[in-house]
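Both complexes below contain subunit A, partnered by subunit B and then by subunit C.
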Partner chain A sequence: MGVSVEVEDLTVSYGATPVLHRVSVAVGAGEFVALLGPSGCGKTTLLRSIAGFVKPSGGVIRAGTRDITHAPPERRGAAMVFQSYALWPHMSVAKTIGYGLAIRGWDKARIAARVEEMLRLLRLEGLGARLPAQLSGGQRQRVALGRALAVDPEILLLDEPMSNLDARVREGVRHELRALQRDLGITAIHVTHDREEAMILADRIVILHEGRVAQHGSPEDLWARPASAYVADFLGATNRLPVRVRDGMAEGAEGEPPLRLDPGRAPPAGASTLHFRPEEARLLAPGEGIDGLVFHGTVALSAYPGGRWRAAIRVAGQEVLVDVPERVAQGAAVRLGIPAAAAHLFAATEPQQDRRAEVTPAH
Partner chain B sequence: MLPYLLVAPALFVVGAFFLVPLGFSVVGAFEGPAGPTLDNLGRAFGLYRTDLLFTLVIVAASTLLTGLGAIAIGGYLTLGRNRTAVRMLAAMYRWPLFIPFIVAAQAMRGFIGQNGLMNNTLIWIGLMPQEWAQSFLDWRGIVITFVWKQLPFATLLVAGAMAALDRSGIEAAQNLGAGRLRILLGIVLPQVARNVMVALVLSFVTMMSVLSVPLMISGQSPTMLTVAMAWRINSLGDYGTANALGLVSCVLTGLVAWIWLRQAAQERGGRGQGGGAT
Partner chain C sequence: MSRDSVFWWLPRGLLLGLFAFFVFGPLVNLVLWSVAEAWFWPNRLPSQYGFRFWERVFRPQGQAMESLWLSIWIASLTTLLCLAVSVPAAWALAKARLRWRAAILLLFLLPQAFPNLPVYINVARIFFTFDLNGTVAGVVLVHAAHGLVYSIWIATAAFAAVEEDVELAARNMGAGPLTAFRTVTLPLAAPGIAASAVFVFLESLDEFTASYFVGAPEVRTLPLLLFSAAAGGNMQIAAITALILLVPSVLFMLLVERFLRAEVLAKVGR
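Coming up: the complex of A and B.
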């Protein structure tokens, strides 16, 4: 059974370079939490600190009621699955899965029985005698998972365990992993830069940005109410348009009705930036109204990525992408509607830097 | 044309300074005053059987100790937790690499003799009573010098291979609760076994061919084959027997290297491998 993990004010530096700044994360027993962010945001460092491979310069890490901040990796009750799988090239699958048990002094028969059980659980039956080089990527990943699960850990740490799998295998593995974690009741902390993976797997997502927690919450919460432009951008709201906020109202195109903003989420009056997702905006028929913001633009390009058309629409000198059910003619004047629930407004930052390029696109 | 030109100097060196003398030596081993003969080989085996055995034992023991030392040092460099100690060891272990055998032998004479630096220091510190002081200038001295001199070379190869291992493999074992000795023996060593083999075969071959160390450290009999060869030539002008001894030591060395490399190849799943150094 899993235990809770509490990270409090954790600070980590590599030499003189600070990597984590007073990060606090609480994970309940049996909960699945994803640490999400682009490369360099500190998510792997946070995981490795919990595993005991990185020495924090400040803060506390607790597993259940135990303080494990300075405990060596082997005394933390945490088993890790590595991004590279870290399988040992000279060791057979059965030996690899049984390695942690041999260290714990189990006798041979008991180890063999447990290994058999893990092989069955992970659908690796009959592969016990194989070496890592004789396995497919998906099988290797399951062996790495089996090695970690065999010792019945309280905490399972996953360091981008699916980034080396091809997209089709990944889909299946995600659901298996989630089901397995739920059945075993293990506390899981999963590092990923893949938004969709985090959404599907996790009970709760912690988004990191430059060594700080940018926002945490359930996938639905983060999706519906990103707390900053950074989070909105990372969660797919990559379209931006400048908007003016006045008296709690946001103004779109001239002549269109303004949108009354939720007082709790409204940015301060003045120049703001509107973020929205391509799939949540739509083109309005002439005269059609919407509870939201409306902009006027012209179609710059239409492309067909499959299923729906994606149109690039030029609005006030900026281009935004919108999913449309049918092809729209290039050069056509259109009215672009963004429903209130999909409109995420944040105070325009100065200088306006384009972070989109740095963010790894999610699929 | 260019590839041949580039290879030419190396080919010339190998041919002129290695293959041709080797050929002469092999031919010379079977040459007597009255045409081809096996007398030289007979004399070599008859007179120097003990020296041959002595040589093998000394070199084998030195190779074994070199291997253990290299694994220990490489292991600490890879798994050591005290960063300062690791850094110091990494900086220091290579030094003997740059000292020639002859200088090492001379330094050892002053270090491990009865009134050498080692005994004197131990007595001076009070770790050892005067009566215990004994000379190591015999077979033990040869082994000590060989190991001291070959250890850095073997460590260089072994530690390099260890450093190139996927670090996360070590972390995975650590994460499951493995201690450092267990990781060294069960995870690190099997992955660098081939490099250890290569380092040991090369060390074996090198030590087989050293003349200065046995000559300077130990004046006793039995002695190593290289000393016997020098004696045959310098004192008796007997090139025939010297060549025969050379041939025997060359064949022996080649045999050891071949057996070793073959075993290594088998351990790696039977992937064939040419072997044999001299």
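Coming up: the complex of A and C.
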């Protein structure tokens, strides 16, 4: 059975370079949490601190009620699946999976039975005598997972275990992994830079940005209510348009009705930036209204990536991408509608955005 | 120019022949001497062949066999001593920061930078005060000081070639630092360490200068016997001794060639 993991104010530096700044993450027993972020955001460092491979300079890590901040790696009850798999080139599959059990002093017959069980569970039957070099990438990944699961760990740490698999295999492995983790009731912490993978696997996602927690919450929550421009951008809302906020209202194109903002999420009055996803915006028919923001633009380009058309629309000197059901003629004047729920507004704090806001005619 | 042309194959053939002569000529001379029972100037070839000298060397009470076993004994002790020092040292060095590692590795290379002769004469003088001259222990010590260069450099490379995650995976599975070292790190570095051991063994087996100043005349290793035989004009005994010395070298070189992978060699000195 899994135990809860609590990370409190964890600070880690490599030499003089700080990597994690007072990061706090709480993971419930049996919960699957994904640490999501681009490379260099500190997610792997956080995972390796929990595993005991990295010494924090401050903060506390607890497993259940136990303080493991300074415990050696072998006394943490956390089993890790490495990104490189870290299989032992000189050890057979059976030896590798049974390694943790042999360390725990199990007798040979019991180890053999458990290894057999793991091989069956991971569909590796008959490969027990093979060396890592004689396995495919997918098989290696399952051996690494088998080694970690064989010891019935309280905490399973996954460091991008699927980044070395091809896309086709990955899809299947995700669902297997999720089902296994649920059946076994293990607490799982998964590091990934793949947004979709995090969304599919995790109960909760923690998004990291430059060594700090940018936001955490359920996948749906993060998707619907990103707390910052960084999170919105990372979760696919890559289109940006400058907007003015005044009296709790956001103004789109001139002559179109402004959008009343949810008081809890409205940015302060002044220049702000609207983020939205290509698949959540649409083109409006002449005279059609929408509960949201409307912009005027011209079609710069249409492309067909499959399923729907994707149009690049030029609005106020910027290009945004929108999914449309049919091809739209290049150069056509269009009205672009972004529904209220899909419009994520953040104060334009970055200098380049300030400058952009200044050149808009509305200013 | 066609490959059948004389101008194509003749220069190549000559060059190859010349090359072969440089490599194998001395060997052929050794073999000839070892079976020559009578070979006097100005004869080009021995006038009488036979295995009389071989029989003399391999006679149970013959000095050559005694020296051979002594040499192997000294080489084995030297190898063990070097491994006992270099395995822990190399493991620590492989983990150390790169800058320090380079400095320390260079330090081990330093004794090689000086001319051997004055170094060994001084060593002999120092050993004299400790009663180490003319003892096996003394010879083993000087051989080990020399062999440590190889063993530390190669073993450090072997340990550095073991990925850190592989060792951490063992710790992660519940192994303490020593168990992880014994079950994962050491087996993975073993080929490189074995190669370093072979180098040390061969260096000790062939070593002459230090053995001469520290060991002679009480400790007569095979190279010392070879020297005195050759100096005394007994070319047959010298040739046979040299051929005997060749056997372990060739055997071990074949072993090393199998053991030492390119990845390990690429890390030597880094």
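In this section, the second predicted complex is superposed on the first by the 351 of 363 C-alpha atoms of A that agree within 3 Å, B and C clash if a C-alpha of one lies under 4 Å from a C-alpha of the other, contacts with A are read in each partner's own complex, and residues count from 1 in each chain.
Everything below uses one rule, namely that a residue touches a chain if its C-beta (ideal position, glycine included) is under 8 Å from a C-beta of that chain, and two chains touch if they have at least 3 such contacts.
If you're wondering where the values come from, they're calculated on a predicted model, not measured in any experiment.
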Practice task
After lining both complexes up on subunit A, report clash or fit for subunit B versus subunit C.
Solution key: clash
Exercise for the section: Would you sort A:His90 into first (subunit B), second (subunit C), both or neither based on which partner it touches? Expected result: both
Problem - Partner chain in contact with A:Val151 - subunit B first, subunit C second, else both or neither - result: both
Practice task
Report for A:Met1: first if it touches subunit B alone, second if subunit C alone, otherwise both or neither.
Solution key: neither
Practice task
Please work out whether A:Met80 is in contact with subunit B alone, subunit C alone, both, or neither, and reply first, second, both or neither.
Solution key: both
Problem - First, second, both or neither for A:Tyr99, with subunit B first and subunit C second - result: both
Practice task
Return first, second, both or neither, reflecting whether A:Phe53 touches subunit B, subunit C, both chains, or no partner chain.
Solution key: both
Exercise for the section: Find the residues of subunit A that appear in the contact set with subunit B and again in the contact set with subunit C. Expected result: 51-53, 72-74, 78-80, 82, 84, 86-90, 99-100, 103-104, 147-148, 151
Problem - subunit B to subunit A touching residues, read off their complex - result: 166, 168-169, 171-179, 182, 186-187, 190-191
Problem - Of subunit A, residues touching subunit C in the complex - result: 51-53, 72-74, 78-80, 82, 84, 86-90, 99-100, 103-104, 147-148, 151
Completion exercise
So, in the complex, the side of subunit A touching subunit B is made of residues 51-53, 72-75, 78-80, 82-84, 86-91, 99-100, 103-104, 144, 147-148, 151
Completion exercise
So, in the complex, the side of subunit C touching subunit A is made of residues 163, 165-166, 168-177, 179, 183-184, 187-188
